[in-house]
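See below for the structure under consideration.
Read from first to last, the chains carry the letters A, B and C; within each, the first residue is number 1.
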Amino acid sequence: MIVKTVEVKIEKTNQGLYVSNITDLVNKELKECGVTVGSVTVFVPASTAGVSTLEYEPNLIKDLDTMLERIIPSDINYEHHKTWGEQNGMSHLRASIFGPSLTIPFKDGRMMLGQYQHVVFLDFDVIARKREVIIQIVT
Amino acid sequence: MIVKTVEVKIEKTNQGLYVSNITDLVNKELKECGVTVGSVTVFVPASTAGVSTLEYEPNLIKDLDTMLERIIPSDINYEHHKTWGEQNGMSHLRASIFGPSLTIPFKDGRMMLGQYQHVVFLDFDVIARKREVIIQIVT
Amino acid sequence: MIVKTVEVKIEKTNQGLYVSNITDLVNKELKECGVTVGSVTVFVPASTAGVSTLEYEPNLIKDLDTMLERIIPSDINYEHHKTWGEQNGMSHLRASIFGPSLTIPFKDGRMMLGQYQHVVFLDFDVIARKREVIIQIVT
(Lines give C-alpha, C1' and ligand atoms only; values in the text may rest on other atoms or scores of the structure.)
Protein backbone atom coordinates (compact mmCIF):
# COMPACT_ATOMS: atom_id res chain seq x y z
CA MET A 1 0.00 0.00 0.00
CA ILE A 2 1.32 3.42 -1.01
CA VAL A 3 1.36 5.53 2.18
CA LYS A 4 2.86 8.75 0.90
CA THR A 5 4.30 10.29 -2.28
CA VAL A 6 6.11 13.56 -1.70
CA GLU A 7 8.38 15.81 -3.78
CA VAL A 8 11.27 17.33 -1.86
CA LYS A 9 13.39 20.20 -3.12
CA ILE A 10 17.19 19.98 -3.41
CA GLU A 11 19.33 22.78 -4.72
CA LYS A 12 22.55 22.25 -6.63
CA THR A 13 24.64 25.27 -5.68
CA ASN A 14 27.97 24.63 -7.41
CA GLN A 15 29.23 23.79 -10.90
CA GLY A 16 30.61 20.33 -11.63
CA LEU A 17 29.72 17.21 -9.66
CA TYR A 18 27.33 17.87 -6.77
CA VAL A 19 26.64 15.21 -4.15
CA SER A 20 23.96 15.74 -1.51
CA ASN A 21 23.48 13.44 1.47
CA ILE A 22 19.69 13.03 1.64
CA THR A 23 19.65 10.25 4.27
CA ASP A 24 18.18 12.41 7.06
CA LEU A 25 15.69 13.97 4.69
CA VAL A 26 14.33 10.52 3.73
CA ASN A 27 14.32 9.26 7.33
CA LYS A 28 12.38 12.39 8.35
CA GLU A 29 9.64 11.54 5.84
CA LEU A 30 9.52 7.97 7.19
CA LYS A 31 9.21 9.14 10.78
CA GLU A 32 6.40 11.56 9.97
CA CYS A 33 4.44 8.67 8.45
CA GLY A 34 4.44 6.70 11.65
CA VAL A 35 4.77 3.47 9.63
CA THR A 36 7.13 0.93 11.16
CA VAL A 37 7.96 -1.56 8.37
CA GLY A 38 8.04 -1.06 4.62
CA SER A 39 10.09 0.21 1.73
CA VAL A 40 10.87 3.65 0.44
CA THR A 41 11.58 4.47 -3.20
CA VAL A 42 13.68 7.53 -3.97
CA PHE A 43 13.26 8.69 -7.56
CA VAL A 44 15.02 11.53 -9.39
CA PRO A 45 12.76 13.11 -12.05
CA ALA A 46 15.63 14.41 -14.21
CA SER A 47 17.86 13.16 -17.01
CA THR A 48 21.11 14.69 -15.72
CA ALA A 49 20.98 13.59 -12.05
CA GLY A 50 20.78 10.27 -10.26
CA VAL A 51 20.59 8.52 -6.91
CA SER A 52 22.71 5.86 -5.22
CA THR A 53 24.28 5.10 -1.88
CA LEU A 54 27.79 6.22 -0.92
CA GLU A 55 29.75 6.91 2.21
CA TYR A 56 29.33 10.67 2.32
CA GLU A 57 32.78 12.06 3.06
CA PRO A 58 34.75 14.71 1.10
CA ASN A 59 37.71 12.54 0.06
CA LEU A 60 35.51 9.86 -1.44
CA ILE A 61 33.55 12.51 -3.35
CA LYS A 62 36.85 13.65 -4.88
CA ASP A 63 37.51 10.04 -5.86
CA LEU A 64 34.06 9.78 -7.42
CA ASP A 65 34.78 12.92 -9.43
CA THR A 66 38.13 11.53 -10.63
CA MET A 67 36.56 8.21 -11.55
CA LEU A 68 33.76 9.88 -13.52
CA GLU A 69 36.28 12.06 -15.37
CA ARG A 70 38.12 8.86 -16.35
CA ILE A 71 35.14 6.95 -17.72
CA ILE A 72 32.82 9.78 -18.86
CA PRO A 73 35.06 12.85 -19.23
CA SER A 74 33.67 16.38 -19.06
CA ASP A 75 36.24 17.83 -21.48
CA ILE A 76 35.56 15.83 -24.63
CA ASN A 77 33.03 16.53 -27.32
CA TYR A 78 29.61 14.88 -27.24
CA GLU A 79 27.24 14.61 -30.18
CA HIS A 80 24.41 15.63 -27.84
CA HIS A 81 25.86 19.16 -27.72
CA LYS A 82 24.63 19.67 -31.30
CA THR A 83 21.03 18.93 -30.30
CA TRP A 84 20.29 21.70 -27.80
CA GLY A 85 23.53 23.70 -27.72
CA GLU A 86 24.12 22.68 -24.09
CA GLN A 87 27.45 21.23 -22.96
CA ASN A 88 26.04 18.47 -20.77
CA GLY A 89 26.38 15.27 -22.81
CA MET A 90 28.47 13.76 -20.04
CA SER A 91 25.79 14.65 -17.47
CA HIS A 92 23.17 12.57 -19.29
CA LEU A 93 25.49 9.55 -19.63
CA ARG A 94 26.58 9.68 -15.99
CA ALA A 95 22.95 9.92 -14.86
CA SER A 96 21.90 7.01 -17.02
CA ILE A 97 24.58 4.64 -15.77
CA PHE A 98 23.85 5.44 -12.09
CA GLY A 99 20.10 5.33 -12.62
CA PRO A 100 17.25 7.43 -11.20
CA SER A 101 15.70 5.06 -8.66
CA LEU A 102 16.53 3.27 -5.44
CA THR A 103 14.28 1.13 -3.24
CA ILE A 104 15.29 0.73 0.41
CA PRO A 105 13.59 -1.37 3.11
CA PHE A 106 12.93 0.30 6.46
CA LYS A 107 11.93 -0.72 9.96
CA ASP A 108 11.19 1.25 13.11
CA GLY A 109 10.93 4.34 10.92
CA ARG A 110 14.52 4.17 9.67
CA MET A 111 16.09 2.88 6.47
CA MET A 112 18.01 -0.36 6.93
CA LEU A 113 21.32 1.09 5.72
CA GLY A 114 24.85 0.01 6.53
CA GLN A 115 26.86 2.01 9.05
CA TYR A 116 28.75 4.05 6.44
CA GLN A 117 26.07 3.95 3.78
CA HIS A 118 24.27 7.18 2.93
CA VAL A 119 21.57 7.88 0.37
CA VAL A 120 23.01 10.42 -2.04
CA PHE A 121 21.47 12.62 -4.70
CA LEU A 122 24.01 12.99 -7.51
CA ASP A 123 23.75 16.03 -9.74
CA PHE A 124 25.89 15.60 -12.85
CA ASP A 125 24.76 18.70 -14.71
CA VAL A 126 27.23 21.46 -15.59
CA ILE A 127 25.31 24.35 -14.06
CA ALA A 128 23.58 25.06 -10.75
CA ARG A 129 19.95 23.89 -10.83
CA LYS A 130 16.83 23.66 -8.70
CA ARG A 131 15.99 20.00 -8.32
CA GLU A 132 13.57 17.73 -6.55
CA VAL A 133 13.47 14.08 -5.54
CA ILE A 134 10.33 12.02 -5.17
CA ILE A 135 10.03 9.97 -2.00
CA GLN A 136 7.40 7.25 -2.01
CA ILE A 137 6.65 5.11 1.02
CA VAL A 138 5.10 1.64 0.77
CA THR A 139 3.92 -0.56 3.62
CA MET B 1 -0.98 -4.04 -3.51
CA ILE B 2 0.08 -5.53 -6.86
CA VAL B 3 -2.49 -4.34 -9.42
CA LYS B 4 -1.06 -5.83 -12.59
CA THR B 5 1.93 -7.81 -13.85
CA VAL B 6 2.25 -7.88 -17.62
CA GLU B 7 4.92 -8.99 -20.11
CA VAL B 8 5.31 -6.73 -23.11
CA LYS B 9 7.23 -7.66 -26.26
CA ILE B 10 10.06 -5.52 -27.64
CA GLU B 11 12.02 -6.44 -30.72
CA LYS B 12 15.68 -5.59 -31.23
CA THR B 13 15.95 -5.12 -34.96
CA ASN B 14 19.56 -4.05 -35.48
CA GLN B 15 23.02 -5.28 -34.49
CA GLY B 16 25.05 -3.37 -31.92
CA LEU B 17 23.53 -1.13 -29.26
CA TYR B 18 19.75 -0.88 -29.44
CA VAL B 19 17.84 1.69 -27.42
CA SER B 20 14.05 1.64 -27.31
CA ASN B 21 11.95 4.43 -25.78
CA ILE B 22 9.30 2.52 -23.80
CA THR B 23 7.84 5.53 -21.96
CA ASP B 24 4.52 5.55 -23.81
CA LEU B 25 4.24 1.78 -23.58
CA VAL B 26 4.53 1.95 -19.76
CA ASN B 27 2.17 4.92 -19.46
CA LYS B 28 -0.39 3.04 -21.58
CA GLU B 29 -0.34 0.14 -19.09
CA LEU B 30 -0.81 2.63 -16.22
CA LYS B 31 -3.75 4.30 -17.91
CA GLU B 32 -5.49 1.01 -18.62
CA CYS B 33 -5.32 0.17 -14.91
CA GLY B 34 -7.28 3.25 -13.90
CA VAL B 35 -5.11 3.58 -10.79
CA THR B 36 -4.16 7.15 -9.93
CA VAL B 37 -1.22 6.91 -7.49
CA GLY B 38 1.43 4.23 -7.11
CA SER B 39 4.69 2.91 -8.48
CA VAL B 40 5.59 0.90 -11.53
CA THR B 41 8.52 -1.50 -11.74
CA VAL B 42 10.02 -2.19 -15.15
CA PHE B 43 12.09 -5.38 -15.16
CA VAL B 44 14.15 -6.88 -18.00
CA PRO B 45 14.24 -10.71 -17.80
CA ALA B 46 17.54 -11.06 -19.69
CA SER B 47 21.26 -11.07 -18.94
CA THR B 48 22.33 -9.01 -21.98
CA ALA B 49 19.82 -6.15 -21.77
CA GLY B 50 18.92 -3.52 -19.19
CA VAL B 51 16.70 -0.59 -18.33
CA SER B 52 17.38 3.00 -17.31
CA THR B 53 16.20 6.50 -18.08
CA LEU B 54 17.76 8.66 -20.80
CA GLU B 55 16.78 11.59 -22.95
CA TYR B 56 15.83 9.68 -26.08
CA GLU B 57 17.43 11.55 -28.96
CA PRO B 58 19.76 10.17 -31.68
CA ASN B 59 22.88 12.19 -30.85
CA LEU B 60 22.85 11.13 -27.21
CA ILE B 61 22.43 7.51 -28.25
CA LYS B 62 25.60 7.87 -30.35
CA ASP B 63 27.34 9.27 -27.24
CA LEU B 64 26.11 6.34 -25.17
CA ASP B 65 27.54 3.95 -27.77
CA THR B 66 30.91 5.75 -27.76
CA MET B 67 31.02 5.77 -23.96
CA LEU B 68 30.22 2.04 -23.76
CA GLU B 69 32.91 1.27 -26.34
CA ARG B 70 35.38 3.15 -24.14
CA ILE B 71 34.61 1.41 -20.85
CA ILE B 72 33.37 -2.01 -22.06
CA PRO B 73 34.69 -2.38 -25.63
CA SER B 74 33.05 -4.70 -28.14
CA ASP B 75 36.29 -5.49 -29.97
CA ILE B 76 38.39 -7.07 -27.22
CA ASN B 77 38.45 -10.67 -26.17
CA TYR B 78 36.31 -11.85 -23.25
CA GLU B 79 36.80 -15.07 -21.31
CA HIS B 80 33.04 -15.63 -21.51
CA HIS B 81 33.39 -16.34 -25.25
CA LYS B 82 34.99 -19.67 -24.34
CA THR B 83 31.92 -20.75 -22.37
CA TRP B 84 29.22 -20.78 -25.02
CA GLY B 85 31.05 -19.76 -28.19
CA GLU B 86 29.06 -16.54 -28.37
CA GLN B 87 30.78 -13.17 -28.81
CA ASN B 88 28.70 -11.25 -26.28
CA GLY B 89 30.88 -10.94 -23.16
CA MET B 90 30.60 -7.17 -23.38
CA SER B 91 26.80 -7.43 -23.58
CA HIS B 92 26.61 -9.22 -20.22
CA LEU B 93 28.93 -6.71 -18.52
CA ARG B 94 27.09 -3.69 -19.90
CA ALA B 95 23.75 -5.17 -18.81
CA SER B 96 25.02 -5.88 -15.31
CA ILE B 97 26.35 -2.38 -14.68
CA PHE B 98 23.10 -0.73 -15.90
CA GLY B 99 20.92 -3.21 -14.05
CA PRO B 100 17.64 -4.90 -14.97
CA SER B 101 15.13 -3.02 -12.81
CA LEU B 102 13.71 0.45 -12.33
CA THR B 103 10.94 1.60 -9.98
CA ILE B 104 9.11 4.81 -10.89
CA PRO B 105 6.35 6.60 -8.93
CA PHE B 106 3.27 7.69 -10.86
CA LYS B 107 0.25 9.90 -10.30
CA ASP B 108 -2.83 10.67 -12.41
CA GLY B 109 -1.92 7.63 -14.50
CA ARG B 110 1.45 8.98 -15.65
CA MET B 111 5.02 8.33 -14.49
CA MET B 112 6.53 11.26 -12.58
CA LEU B 113 9.43 11.70 -15.02
CA GLY B 114 11.46 14.80 -15.78
CA GLN B 115 10.72 16.73 -18.97
CA TYR B 116 13.54 15.14 -20.99
CA GLN B 117 13.62 11.84 -19.13
CA HIS B 118 12.46 8.74 -20.98
CA VAL B 119 12.31 5.13 -19.85
CA VAL B 120 14.61 3.20 -22.16
CA PHE B 121 15.09 -0.49 -22.79
CA LEU B 122 18.77 -1.06 -23.59
CA ASP B 123 19.69 -4.13 -25.62
CA PHE B 124 23.42 -4.74 -25.47
CA ASP B 125 23.49 -8.07 -27.28
CA VAL B 126 25.36 -8.49 -30.55
CA ILE B 127 22.50 -9.91 -32.60
CA ALA B 128 18.84 -9.04 -33.20
CA ARG B 129 16.61 -10.66 -30.58
CA LYS B 130 13.00 -10.98 -29.51
CA ARG B 131 12.71 -9.51 -26.04
CA GLU B 132 10.16 -8.69 -23.41
CA VAL B 133 9.95 -6.40 -20.42
CA ILE B 134 7.87 -7.02 -17.33
CA ILE B 135 5.74 -4.13 -16.13
CA GLN B 136 4.37 -4.41 -12.62
CA ILE B 137 2.04 -1.83 -11.10
CA VAL B 138 1.71 -1.31 -7.33
CA THR B 139 -0.78 0.91 -5.54
CA MET C 1 1.49 -5.08 1.23
CA ILE C 2 4.83 -6.01 2.81
CA VAL C 3 4.68 -9.76 3.47
CA LYS C 4 8.15 -10.38 4.84
CA THR C 5 11.42 -8.56 5.56
CA VAL C 6 14.32 -10.86 6.33
CA GLU C 7 18.10 -10.45 6.70
CA VAL C 8 20.13 -13.29 5.23
CA LYS C 9 23.83 -13.86 5.91
CA ILE C 10 26.42 -14.10 3.14
CA GLU C 11 30.10 -14.58 3.78
CA LYS C 12 32.82 -13.18 1.57
CA THR C 13 35.59 -15.70 1.90
CA ASN C 14 38.27 -14.45 -0.49
CA GLN C 15 40.15 -11.23 -1.16
CA GLY C 16 39.39 -9.21 -4.30
CA LEU C 17 36.12 -9.35 -6.19
CA TYR C 18 33.61 -11.80 -4.72
CA VAL C 19 30.45 -12.74 -6.58
CA SER C 20 27.77 -14.87 -4.93
CA ASN C 21 24.82 -16.35 -6.80
CA ILE C 22 21.89 -15.70 -4.42
CA THR C 23 19.10 -16.68 -6.83
CA ASP C 24 18.15 -19.89 -4.98
CA LEU C 25 18.37 -18.15 -1.64
CA VAL C 26 15.84 -15.50 -2.75
CA ASN C 27 13.54 -18.06 -4.40
CA LYS C 28 13.59 -20.10 -1.17
CA GLU C 29 12.30 -17.07 0.78
CA LEU C 30 9.56 -16.57 -1.81
CA LYS C 31 8.46 -20.20 -1.63
CA GLU C 32 8.31 -20.16 2.16
CA CYS C 33 5.93 -17.18 1.98
CA GLY C 34 3.38 -19.07 -0.07
CA VAL C 35 2.61 -15.88 -1.99
CA THR C 36 2.08 -16.40 -5.72
CA VAL C 37 2.41 -12.95 -7.33
CA GLY C 38 4.38 -9.92 -6.24
CA SER C 39 7.79 -8.32 -6.20
CA VAL C 40 10.90 -8.91 -4.14
CA THR C 41 13.44 -6.22 -3.29
CA VAL C 42 17.00 -7.30 -2.57
CA PHE C 43 18.94 -4.64 -0.68
CA VAL C 44 22.60 -4.63 0.38
CA PRO C 45 23.14 -2.68 3.62
CA ALA C 46 26.79 -1.85 2.94
CA SER C 47 28.82 0.81 1.16
CA THR C 48 31.38 -1.56 -0.43
CA ALA C 49 29.06 -4.20 -1.88
CA GLY C 50 26.19 -4.21 -4.36
CA VAL C 51 23.59 -6.29 -6.13
CA SER C 52 22.76 -6.86 -9.79
CA THR C 53 21.94 -9.68 -12.18
CA LEU C 54 24.59 -11.58 -14.14
CA GLU C 55 24.99 -14.94 -15.78
CA TYR C 56 26.84 -16.71 -13.00
CA GLU C 57 29.69 -18.57 -14.67
CA PRO C 58 33.44 -18.38 -13.87
CA ASN C 59 34.67 -16.93 -17.17
CA LEU C 60 32.24 -14.04 -17.07
CA ILE C 61 33.27 -13.30 -13.48
CA LYS C 62 36.88 -13.02 -14.71
CA ASP C 63 35.65 -10.58 -17.37
CA LEU C 64 33.81 -8.56 -14.75
CA ASP C 65 37.00 -8.37 -12.70
CA THR C 66 39.02 -7.21 -15.74
CA MET C 67 36.40 -4.62 -16.63
CA LEU C 68 36.30 -3.24 -13.09
CA GLU C 69 40.11 -3.03 -13.01
CA ARG C 70 39.95 -0.99 -16.22
CA ILE C 71 37.37 1.56 -15.09
CA ILE C 72 37.91 1.63 -11.30
CA PRO C 73 41.41 0.17 -10.75
CA SER C 74 42.43 -1.39 -7.46
CA ASP C 75 46.10 -0.36 -7.76
CA ILE C 76 45.84 3.42 -7.91
CA ASN C 77 45.69 5.84 -5.03
CA TYR C 78 42.34 7.07 -3.72
CA GLU C 79 41.82 10.15 -1.57
CA HIS C 80 39.47 8.09 0.60
CA HIS C 81 42.47 6.14 1.91
CA LYS C 82 43.46 9.20 3.92
CA THR C 83 40.13 9.25 5.74
CA TRP C 84 40.16 5.90 7.55
CA GLY C 85 43.50 4.39 6.59
CA GLU C 86 41.74 1.61 4.67
CA GLN C 87 42.69 0.76 1.08
CA ASN C 88 39.16 0.35 -0.26
CA GLY C 89 38.41 3.56 -2.16
CA MET C 90 37.78 1.51 -5.29
CA SER C 91 35.34 -0.73 -3.37
CA HIS C 92 33.12 2.23 -2.49
CA LEU C 93 33.10 3.55 -6.06
CA ARG C 94 32.34 0.16 -7.58
CA ALA C 95 29.50 -0.37 -5.09
CA SER C 96 28.02 3.04 -5.80
CA ILE C 97 27.93 2.60 -9.58
CA PHE C 98 26.29 -0.85 -9.34
CA GLY C 99 23.87 0.26 -6.63
CA PRO C 100 22.53 -1.51 -3.54
CA SER C 101 18.98 -2.39 -4.59
CA LEU C 102 17.11 -4.51 -7.10
CA THR C 103 13.36 -5.07 -7.44
CA ILE C 104 12.25 -8.22 -9.23
CA PRO C 105 8.67 -9.35 -10.04
CA PHE C 106 7.74 -12.94 -9.21
CA LYS C 107 4.94 -15.34 -9.96
CA ASP C 108 4.19 -18.90 -8.84
CA GLY C 109 6.77 -18.36 -6.09
CA ARG C 110 9.69 -17.78 -8.48
CA MET C 111 11.42 -14.64 -9.72
CA MET C 112 10.64 -13.85 -13.36
CA LEU C 113 14.28 -13.98 -14.46
CA GLY C 114 15.72 -14.75 -17.88
CA GLN C 115 17.19 -18.19 -18.53
CA TYR C 116 20.82 -17.17 -17.91
CA GLN C 117 20.05 -14.36 -15.48
CA HIS C 118 21.07 -14.83 -11.87
CA VAL C 119 20.73 -12.50 -8.90
CA VAL C 120 24.26 -11.80 -7.68
CA PHE C 121 25.63 -10.25 -4.53
CA LEU C 122 28.81 -8.36 -5.46
CA ASP C 123 31.37 -7.78 -2.73
CA PHE C 124 33.94 -5.22 -3.85
CA ASP C 125 35.79 -4.85 -0.55
CA VAL C 126 39.48 -5.75 -0.26
CA ILE C 127 39.18 -8.11 2.69
CA ALA C 128 36.96 -11.04 3.65
CA ARG C 129 33.82 -9.86 5.46
CA LYS C 130 30.61 -11.10 7.03
CA ARG C 131 27.74 -9.63 5.10
CA GLU C 132 23.99 -9.74 4.90
CA VAL C 133 21.36 -8.94 2.32
CA ILE C 134 17.83 -7.78 3.08
CA ILE C 135 15.06 -9.57 1.22
CA GLN C 136 11.67 -7.88 1.27
CA ILE C 137 8.60 -9.41 -0.32
CA VAL C 138 5.62 -7.33 -1.48
CA THR C 139 2.28 -8.62 -2.74
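Here, a residue touches a chain if its C-beta (ideal position, glycine included) is under 8 Å from a C-beta of that chain, and two chains touch if they have at least 3 such contacts.
Note that this is a predicted model, so its numbers are computed, not measured.
> Counting residue numbers used by both copies over all numbers at the interface, does the chain A-chain B contact come out same (over half shared) or different (under half)?
Mostly different residues: under half of the interface numbers shared.
> For chain B superposed on chain C via Cα atoms, how large is the rotation, as a multiple of 5°?
So the copies are related by a turn of 120 degrees.
> Can you give the whole-Å distance between the Cα centres of chain A and chain B?
Whole-Å distance between the two chain centres: 20.
> Two or more other chains touching the same residue: where does that happen in chain A?
In chain A, residues 1, 71, 97, 99, 103, 138 touch at least two other chains, as defined above.
> Contact residues on chain B for chain C in the complex?
It is residues 1-2, 5, 41, 43-47, 71-72, 78-83, 89, 92-93, 95-97, 99-101, 103, 134, 136, 138 of chain B that touch chain C.
> List the residues on chain A that touch chain C in their complex, please.
Against chain C, the touching part of chain A is residues 1, 37-39, 52-55, 57, 59-60, 62-64, 66-67, 70-71, 97-99, 102-105, 107, 112-114, 116-118, 120, 138-139.
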